[in-house]
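Each chain gets a letter, A, B, C, D, E and F, in the order it is written, and its residues are counted from 1.
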Amino acid sequence: GDLLGGGGEEEEGEDIARKVFRTRAFVANYQDSFTAIERCPKPVIAAVHRACIGAGVDMITACDIRLCTDNSFFCVKEVDIGLAADVGTLQRLPKVIGNESLVRDLCFTARKMYAAEAKSCGLVSQMFKEKKSMMQGAMAMAKLIASKSPVAVQGTKLALIHARDHSVSEGLQWIKDWNAAMLHTQDIPKSVMGAMTKKAPIFSKL
Amino acid sequence: GDLLGGGGEEEEGEDIARKVFRTRAFVANYQDSFTAIERCPKPVIAAVHRACIGAGVDMITACDIRLCTDNSFFCVKEVDIGLAADVGTLQRLPKVIGNESLVRDLCFTARKMYAAEAKSCGLVSQMFKEKKSMMQGAMAMAKLIASKSPVAVQGTKLALIHARDHSVSEGLQWIKDWNAAMLHTQDIPKSVMGAMTKKAPIFSKL
Amino acid sequence: GDLLGGGGEEEEGEDIARKVFRTRAFVANYQDSFTAIERCPKPVIAAVHRACIGAGVDMITACDIRLCTDNSFFCVKEVDIGLAADVGTLQRLPKVIGNESLVRDLCFTARKMYAAEAKSCGLVSQMFKEKKSMMQGAMAMAKLIASKSPVAVQGTKLALIHARDHSVSEGLQWIKDWNAAMLHTQDIPKSVMGAMTKKAPIFSKL
Amino acid sequence: GDLLGGGGEEEEGEDIARKVFRTRAFVANYQDSFTAIERCPKPVIAAVHRACIGAGVDMITACDIRLCTDNSFFCVKEVDIGLAADVGTLQRLPKVIGNESLVRDLCFTARKMYAAEAKSCGLVSQMFKEKKSMMQGAMAMAKLIASKSPVAVQGTKLALIHARDHSVSEGLQWIKDWNAAMLHTQDIPKSVMGAMTKKAPIFSKL
Amino acid sequence: GDLLGGGGEEEEGEDIARKVFRTRAFVANYQDSFTAIERCPKPVIAAVHRACIGAGVDMITACDIRLCTDNSFFCVKEVDIGLAADVGTLQRLPKVIGNESLVRDLCFTARKMYAAEAKSCGLVSQMFKEKKSMMQGAMAMAKLIASKSPVAVQGTKLALIHARDHSVSEGLQWIKDWNAAMLHTQDIPKSVMGAMTKKAPIFSKL
Amino acid sequence: GDLLGGGGEEEEGEDIARKVFRTRAFVANYQDSFTAIERCPKPVIAAVHRACIGAGVDMITACDIRLCTDNSFFCVKEVDIGLAADVGTLQRLPKVIGNESLVRDLCFTARKMYAAEAKSCGLVSQMFKEKKSMMQGAMAMAKLIASKSPVAVQGTKLALIHARDHSVSEGLQWIKDWNAAMLHTQDIPKSVMGAMTKKAPIFSKL
């Protein structure tokens, strides 16, 4: 009731404009919760097991990498309860998978998309037989990423998010200014030395 | 002759600038015809049977969802008659399918892309054995979408088109302002009640 | 050392700001080298044989069409040497393949992506058994494109690059103004005549 | 009532979402009426005599050049009737006069700005003693502009509107593509000849 | 020392990249303090008395309306201490006063601009003889604005900020969607009734 | 003839499309010449003596600061020779002076604007009695700017140009990333020490 009615107590005699102001703040609050994942400077891996519905899709599209088990399914459910999804799916999903016909099919019909189709369209980049192997895969990937230079990894995440929202020319200008400082990090000689000596480099905390 | 020559009667002694002004209005007119499909507030499903060539591709990329029979093919034919496509294909196709290498191959060579490849790259989201089953599939999908809240469906279409053309941050701001009003629709309690009682809700005309 | 340290001689007592200015010019120079491929008015086909690593990926994503042999692999190697890729991969790869989960997996882990996956995700649009057949395929494609109107082909390339970096509405306005002049080319009647007479048209140099 | 209530007949039992859809179309219609002035390819001169209030300000900010008599005043009246101006003033006025403090003062307080201040802040570029001399001045300016090449004048208007809404770099690219064709007009040699011979050139209709 | 050195404790052996990350968060924090003024939904009036230097200019350019006494001066002081202003002046000042030559003069030379020039260029919209009369003027203006519909005033502020950062076309679309709901406020009939009866309307809290 | 006809030799039988390609490269070349001034990392002061016409206006609007003698005049002459100005005036002038009515008056009528009006509208920020005093004023200003930290001055120029072409929010993000490195310059302690000891600081070459 509350959620679908636009959040918070409805006040006696409140006019439409005031309802809209109140609901606007309410939606902003939900949006920010999911955008916080995107703003996390470290890569975030979503591992989906079984049902991922409505706000679940909003959440995983704000993550960097998506994995799932083969008994998973995904459903942009919002039209079935009378609203356009408003906390990220409609904004991020079309940029996560480059397939507008599928995106609109999913968002207009609210049908379930099963794991195999999700893998084939790129919503997830790996599909696993079961939850346990997926969690092992996710942890192995997380460890691998964590073993690398945080300057390199976090710069990469910032650059990819910037690139998504700008032209190639603007993106190149951003990374040029960014790396003009970052190329002076000690992580570069440490990484090169590590590669030559086959010993894992130890990077300072960022 | 007329079409390819830039439209309308050429006037005696018309200079280049004036030819260009005349042709510009002519192209604008064609573009608007296809953009009208995109501006239609209701989802539009394209069902392709056999050849979809040149302006056909311009038209279907302005639709929301694309289906085809397995004997269909698609051809961005314009370079073969000496021009760059100018009524939508070059603008929309790369955003419809996230595969720049394929898009450029198709647009530079004017080769035919057959149904299986069109399905695999996402130009169409379903492929059917024959025209009849496709039309049944298209009608079923249309009915399914039509059974849902028009406030939800039309808001979803507007949001997806806005998202395609803006950053994620701008897109989120748009849907926040939009849903601040739309979440107060009667379609939400009607949809929820319909789901609980298993009876199809009846929505007012939008 | 030089490259990774940000380019050029480090000067005695140079402060951070001055190092950054020096490195910024250095990165700009590298970026421009790859962007030159994108600025080439004629389509550029990349034919990849075996390893395509780091700057190799920066380079091929600035090309129009990508082909590879089935023993090729691709690797966004930069995080392994402590930096975020800064000469094009992070800006262009996500627009070349519409699959954010895969892009981030590749860029954060620096893992190898082999030819089959590169074909399936659309990084390359054709995969060949061996180098020789690939080079024949690439040359055949190049000849096919070169046989077509240069006004049409170069306009198409300009339009696709413009479209990638703008909204659909801005893209349509651009091609409208562009074709308002280009539709008056002699290449159109020549192309039409060629198609009718089955004789290859001869276009003037552009 | 009608106008302020959002346009058109309110229907029995109409929910908020449906009211908003109806009102949205209503506002769009008003906006388009004023934007039509901006879309007119020929320069439009507004000559203001006495009161210019509310929609009057929306209208004149969509014009190219503004003149007034010294007994004129201007008033962004909308807050006084409970609404934010929505047919152009808030979008165009700050770009017409580069003085944000004044714009917000005018729009928040709905105070009258008299002719002298309007001249000093640039809202009008000429102030006249009386209506008759203003109309003569406006007609003289219109005749002067009409005596010049329509290719030059209309291209200038298009370029200025484009420049207002884009970065300098985008603006330069636009005029480059535009003039690539327009510089081939016969109006250039005619204009040059006219200047040399002191005889007014006669330009073809555009 | 702290402020100018980029904020926070410098850690032993911290490399350039890590210094930059730390300083970046530090600058973001300062920026947000001033942007908070712009985000305040109610108009903010700055009343400047005597010196307004450095961060003072950052602060007042984030306000809506600026007033000053005639013994005030304004100084973009940052270059004198070795840095480019980074908490708003360089971004907002050129949009607050439409005079690039003056803006660059002020920002490159760090010279003082006295009240009369500040009034003439539009940095302030009113100049007062002394602090007391300015504060009375500011309070009178604040009371006047506060007597008006908050739906109208806050929508106006949001629209002006949106307009500053978007094209006219985008701005019109925003206010159209916004007012589609806001025109249904009770503040409109209340305002109209108030104007007719000459009695101040009482608006509900927003 | 050459210039106005679009540059370079016209080739026998060249079609419209080919003329346009040739002219486009020709205009790009001219534009780049003026944009080079804007790209110069150091502030550029234009000192105008007497007539500043056509390309002269293109040139000075690409400069940072404009001065003139009181016998100067400015004329956007292009419409008088049959073309829309295409090397910068139409893009930069409206952003240099915040007065659209005046800009359009000047650009449509090609009338002369004399020094006093140029000072009043902000095209120039100082007006001098004669050339000699202007050159002294310009040199004094240049010396003053040159005495300050080059890190501060050049960062300020980059930030102002970025701000002109982006939203406030984008501009703040840019300066945040930029100063995250630049605040570590030795120019800051040197500047502060210089201010305290009243001795001009000596900055390293940038």
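As a working rule, contacts are C-beta pairs under 8 Å (C-beta built on N, C-alpha and C of every residue); 3 or more make two chains touch, one makes a residue touch a chain.
From a predicted model like this one, the values you see are computed outputs, not experimental measurements.
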**Prompt:** Among all the other chains, which ones are in touch with both chain E and chain F?
**Reply:** A, B, C, D
**Asked** Among A-D, A-E or D-F, whose interface repeats E-F's (more than half the contact pairs identical)?
**Response** D-F
**Request:** Could you put a whole-Å number on the gap between the CA centroids of chain A and chain B?
**Result:** 26
**Distance between chain centroids, defined by C-alpha means - chain B, chain E (Å)** = 42
**Message:** Please output the residue numbers of chain B that touch at least 2 other chains, ranges allowed.
**Reply:** 16, 19-21, 95, 97-99, 122, 151, 164, 177-178, 180-182, 184-185, 187
**Complete:** chain A contacts chain F in the complex at 174, 177-178, 180-181
**Prompt:** What residues on chain E touch chain D, complex-wise?
**Reply:** 43, 64-66, 95-99, 122-126, 141, 144-145, 148-149, 151-153, 155-160, 163-164, 167-169, 171-172, 175-185, 187-192, 195
**Request:** Would you tell me which residues of chain B are touching chain D in their complex?
**Result:** 13-18, 20-21, 151, 154, 181-182, 184-187, 204, 206
**Item:** Residue numbers on chain C that touch chain E, as the complex places them
**Value:** 16, 19
**Prompt:** Quick one: in the complex, what on chain C touches chain A?
**Reply:** 4-7, 16, 19-21, 23-24, 27-28, 31, 35, 38, 78-88, 90-92, 94-95, 97-105, 107-110, 121-122, 164-166
